[in-house]
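The structure under discussion appears below in the form of structure tokens.
Note that the chains take the letters A, B, C, D, E and F in the order they are written out, and that residue 1 is the start of every chain.
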Amino acid sequence: MQTLVIDKEIKYTGEQLSPHWIYKNFNIMGNAIVAFIGECEVNLNHMVDIEDVINNEPIYSRKMLNIIEENFDSSLVETVFKQRLLVTITKELIEKNNPKVNIIRSGDDLYINGKKLSVSIATKSITSTLIHFGLNIISEGAAVKAADLTNDAHITDIKKFATELLQTYNNEVQDIRLAASKVRGVI
Amino acid sequence: MQTLVIDKEIKYTGEQLSPHWIYKNFNIMGNAIVAFIGECEVNLNHMVDIEDVINNEPIYSRKMLNIIEENFDSSLVETVFKQRLLVTITKELIEKNNPKVNIIRSGDDLYINGKKLSVSIATKSITSTLIHFGLNIISEGAAVKAADLTNDAHITDIKKFATELLQTYNNEVQDIRLAASKVRGVI
Amino acid sequence: MQTLVIDKEIKYTGEQLSPHWIYKNFNIMGNAIVAFIGECEVNLNHMVDIEDVINNEPIYSRKMLNIIEENFDSSLVETVFKQRLLVTITKELIEKNNPKVNIIRSGDDLYINGKKLSVSIATKSITSTLIHFGLNIISEGAAVKAADLTNDAHITDIKKFATELLQTYNNEVQDIRLAASKVRGVI
Amino acid sequence: MQTLVIDKEIKYTGEQLSPHWIYKNFNIMGNAIVAFIGECEVNLNHMVDIEDVINNEPIYSRKMLNIIEENFDSSLVETVFKQRLLVTITKELIEKNNPKVNIIRSGDDLYINGKKLSVSIATKSITSTLIHFGLNIISEGAAVKAADLTNDAHITDIKKFATELLQTYNNEVQDIRLAASKVRGVI
Amino acid sequence: MQTLVIDKEIKYTGEQLSPHWIYKNFNIMGNAIVAFIGECEVNLNHMVDIEDVINNEPIYSRKMLNIIEENFDSSLVETVFKQRLLVTITKELIEKNNPKVNIIRSGDDLYINGKKLSVSIATKSITSTLIHFGLNIISEGAAVKAADLTNDAHITDIKKFATELLQTYNNEVQDIRLAASKVRGVI
Amino acid sequence: MQTLVIDKEIKYTGEQLSPHWIYKNFNIMGNAIVAFIGECEVNLNHMVDIEDVINNEPIYSRKMLNIIEENFDSSLVETVFKQRLLVTITKELIEKNNPKVNIIRSGDDLYINGKKLSVSIATKSITSTLIHFGLNIISEGAAVKAADLTNDAHITDIKKFATELLQTYNNEVQDIRLAASKVRGVI
């Protein structure tokens, strides 16, 4: 899997969660995960989470660290497991940067001091699976009382944080594939 | 997936990590995860981790909380992702019981204050995949300087802890399957 | 798999055979099978069976028991096997209610006294597989000489019949998954 | 899938349910289903059904029509669905030969007048899946009160019956694969 | 897999590379491969190769031997392996007809004397995978200096060549499936 | 996939075609392909090709270039496709070194001037798939009249040839995975 932290700001509208968006825009072919900073505004007709559509919950954040992953060799269930790992590693990295933070993972959501820090979804196209994971950088203006990386996690250098996150995640995904190749089958 | 915390002590020798051990011994058919307390001693010819065999690292623990899972509908790679989730939830549950604990996850290992708390492996049989996850309850006598649930995580009621762990894990695995069923495919 | 017999009448037009129709309308997430009574009229542009499109055979029935199933963990071939099982169990349930009935299964079709009782199709979306199975309740007005549950199978309480059908089918599908988990692999 | 009704009698001991038994003995490579007549005696250490082993239920029949299938392209769950189809077609063929027979299917078992006619199991090897399906031809001497093809189903020509059964089953399996190739995906 | 060499000329525009095109037009259900002669002109909005779209490389050939395959039981990666085999067999058949030809395969491309002979792509629909493989019959007018079957490979009877190609390919694909069914698993 | 041309001679007896042989002996974890030179003598009880066992055809070659591949993410059918690609690339590399050679591929066999150059098999373990591909370096003493790399293909530096072969094959396998990630799905 290739990783890239994108320099320019990009507004996340949900349209980025589509097949080959990474390849078409950043010329990275194959499994890839990219991060970018930008406003996040997903209206209902671009939402893939039908639960949110039913509950009429559009997504808004003034400034978010957005992560998009596209895989060409995972099932959707495996991709949801990957999503949970990505969320877990984010929590662990925030704890490493700030050991006293009170951060809780609940499924694919992160909370700091009971306020929601993140949004996430995993879905499937005809040829691939995709993950979006968004972390508030500035939480003012969010629909519900929210936490953010700046004020609640005390992350000062977002791009450095993103770089370490993508690298740590990529290393563990590789390690997981190797872990499946080093064991004797049992009878 | 059915869950069971077994009352009687069982010594873990590696032979328990074999197909239908749960079904044959506890009459639970299908996907299941069980926990039991017991000494842990796996000699080289029962080890499934070839890396440990190459490195000549047998496993010993005087008293361990052992967890065995058998799945009949997951690939080995997906099972390693499940293993990482089980380890993650264990860390989170220890943090919940004891917010000031210094616990770190590294792949499928847990460390408290830099001392190793756990061992784990995932493997495959002809019809299933299997996980073993062992957590020291008393760490004296371990090969390397080790942490344990009693002294380092301050867990006093191991069976209660095991019950909550299996239940939380089972809930999240169910939630992951549902998460894969509530999203619109993208084109 | 959850089951539901829907109280209100719904006209089946083919648009119901689409991903998340059950979830969006009845708030059932995950694998599910539902039954409802209603007129059935599928014009060519909503048909998924290309054979029927080629043969220019639209589907009409004045009153039908319609069954829709959506799975998120089966291949299309496995779903066709499930469809054949659903048709088989329907035949067996009609025989149980009425031992002297002359009912024949031919693939995914049922015939009573040589007249066609049912229509069925299985297909795939990006994230799921789907089955439609329709049984005439009143056959007058059908394109070809048809049998129906009321006059030919002598089923008086359609909803009770539907409830037992969905339950029996769900039990056997669960039993099949268990059957795959209780056997020793062979070498 | 190739089909063969074997002329010579073969005692079924459970050892026939192993990979490439058909290929090694009858030189049929690839997916195949064969039928043969013979005594059936499976002792506990050759049984693959762990449920039977736990319940200590060895299998005996003085004279059985035995069917063995080996597939190289199906999962174990799909193979259990195939097994249920094979059992269903057997019931339907007995009904066709003898419309007044009182025959009931319960999972992978057939009963005539409440007496058990058949035994069956599906399992997996490293490279294939396998089915055994045995129908009593003469039921005297069976462990439980049993039905048989001769006296209860009134099948007089067992080989002719077997030939039609294998052919009908093979045709429907082919038809099922085609059914999965003639439908438009839905969005 | 069924094979067909179509008599009438058909212009290849990219629209033929869609699910059930073979079934709808030639009434062949299931896995199939067909060949036809015709002009080839694929503009950017019908191209499935995003690399070509990014590079703005529409495809044109005055007269091409076009081959379309649709599979209902292969993954996309396996289908790319099948594509490479189809290209390989084409090279071998040209060598057989003309042993002194200087023909080179590079991935899914063929070159004669350094000039490009062919275009190819493999893709996926919701229910199937598809291959297009086009060989220039007359190369004048092609965008880049091209080779063709007539002048460079000295194939005089294109339909005979196509018939032998489809047959040889079909035989090897069948042989590959058999090869996977004749080996003992290893432990 | 990692590649390695091993310096020391190793006799190939068939026991090398077993899971983790590469990992245990050369400390390469995960997908890998290695080459080594050595005598080849496989007696019947180490053969995995049941066809050869049935035909009583043990394998012998005085000096062979042996290639062993182990994959942890391919089905057996996909592995046979990989085997055919490996054989194809070997042929192409021999042609590149020696354009006038008369070399023919027939399935997984290579022939020079009608004499057999190679042996090959692909099989499966519980956790992986494996390929053996052996090319005669010196053909005297072979059971049937054989070709060899030295006298018939005029390859003088076997290790250089092996290095280029493994590298070219590895590149194309990577390219195939990428090819499956650069195409738009079709509807």
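Some observations on this one:
Going forward, a residue touches a chain if its C-beta (ideal position, glycine included) is under 8 Å from a C-beta of that chain, and two chains touch if they have at least 3 such contacts.
Just so it is clear, the model here is predicted, and its values are computed rather than measured.
The minimum number of touch steps linking chain B to chain F comes to 1.
Most remote from chain E, judged by the distance between CA-atom centroids, is B. On superposing C-alpha atoms, the copy chain A sits rotated by 120° relative to chain C, to the nearest 5. Annotation: 42 Å between the Cα-based centres of chain D and chain E. For the pair chain A and chain B, the distance between C-alpha centroids works out to 26 Å. Those residues of chain D in touch with two or more other chains are numbered 19-20, 23, 29, 50-51, 73, 76-77, 123-127, 177, 180, 182-187.
Taken as a graph of touching chains, this assembly fits none of the simple shapes: it is neither a line, a ring, a star nor a complete graph. Chains touching one another, given as pairs, are A-B, A-C, A-E, A-F, B-C, B-D, B-F, C-D, C-E, D-E, D-F, E-F.
Interface residues of chain F facing chain D in the complex, by the touch rule stated above, are 50-51, 54, 76-77, 123-126, 187. Within the complex formed with chain F, the chain A residues making contact are 19-20, 23, 29-31, 72-73, 125-128, 177-178, 180-187. Residues 17-19, 47-51, 75-82, 84-85, 88, 92, 99, 102, 104-105, 107-108, 121-126, 130, 172, 175-177, 179-180, 182-187 of chain B are the ones touching chain A in the complex. Against chain B, in their complex, chain F makes its touches with residues 20, 23-24, 27, 29, 73, 126-127, 185, 187.
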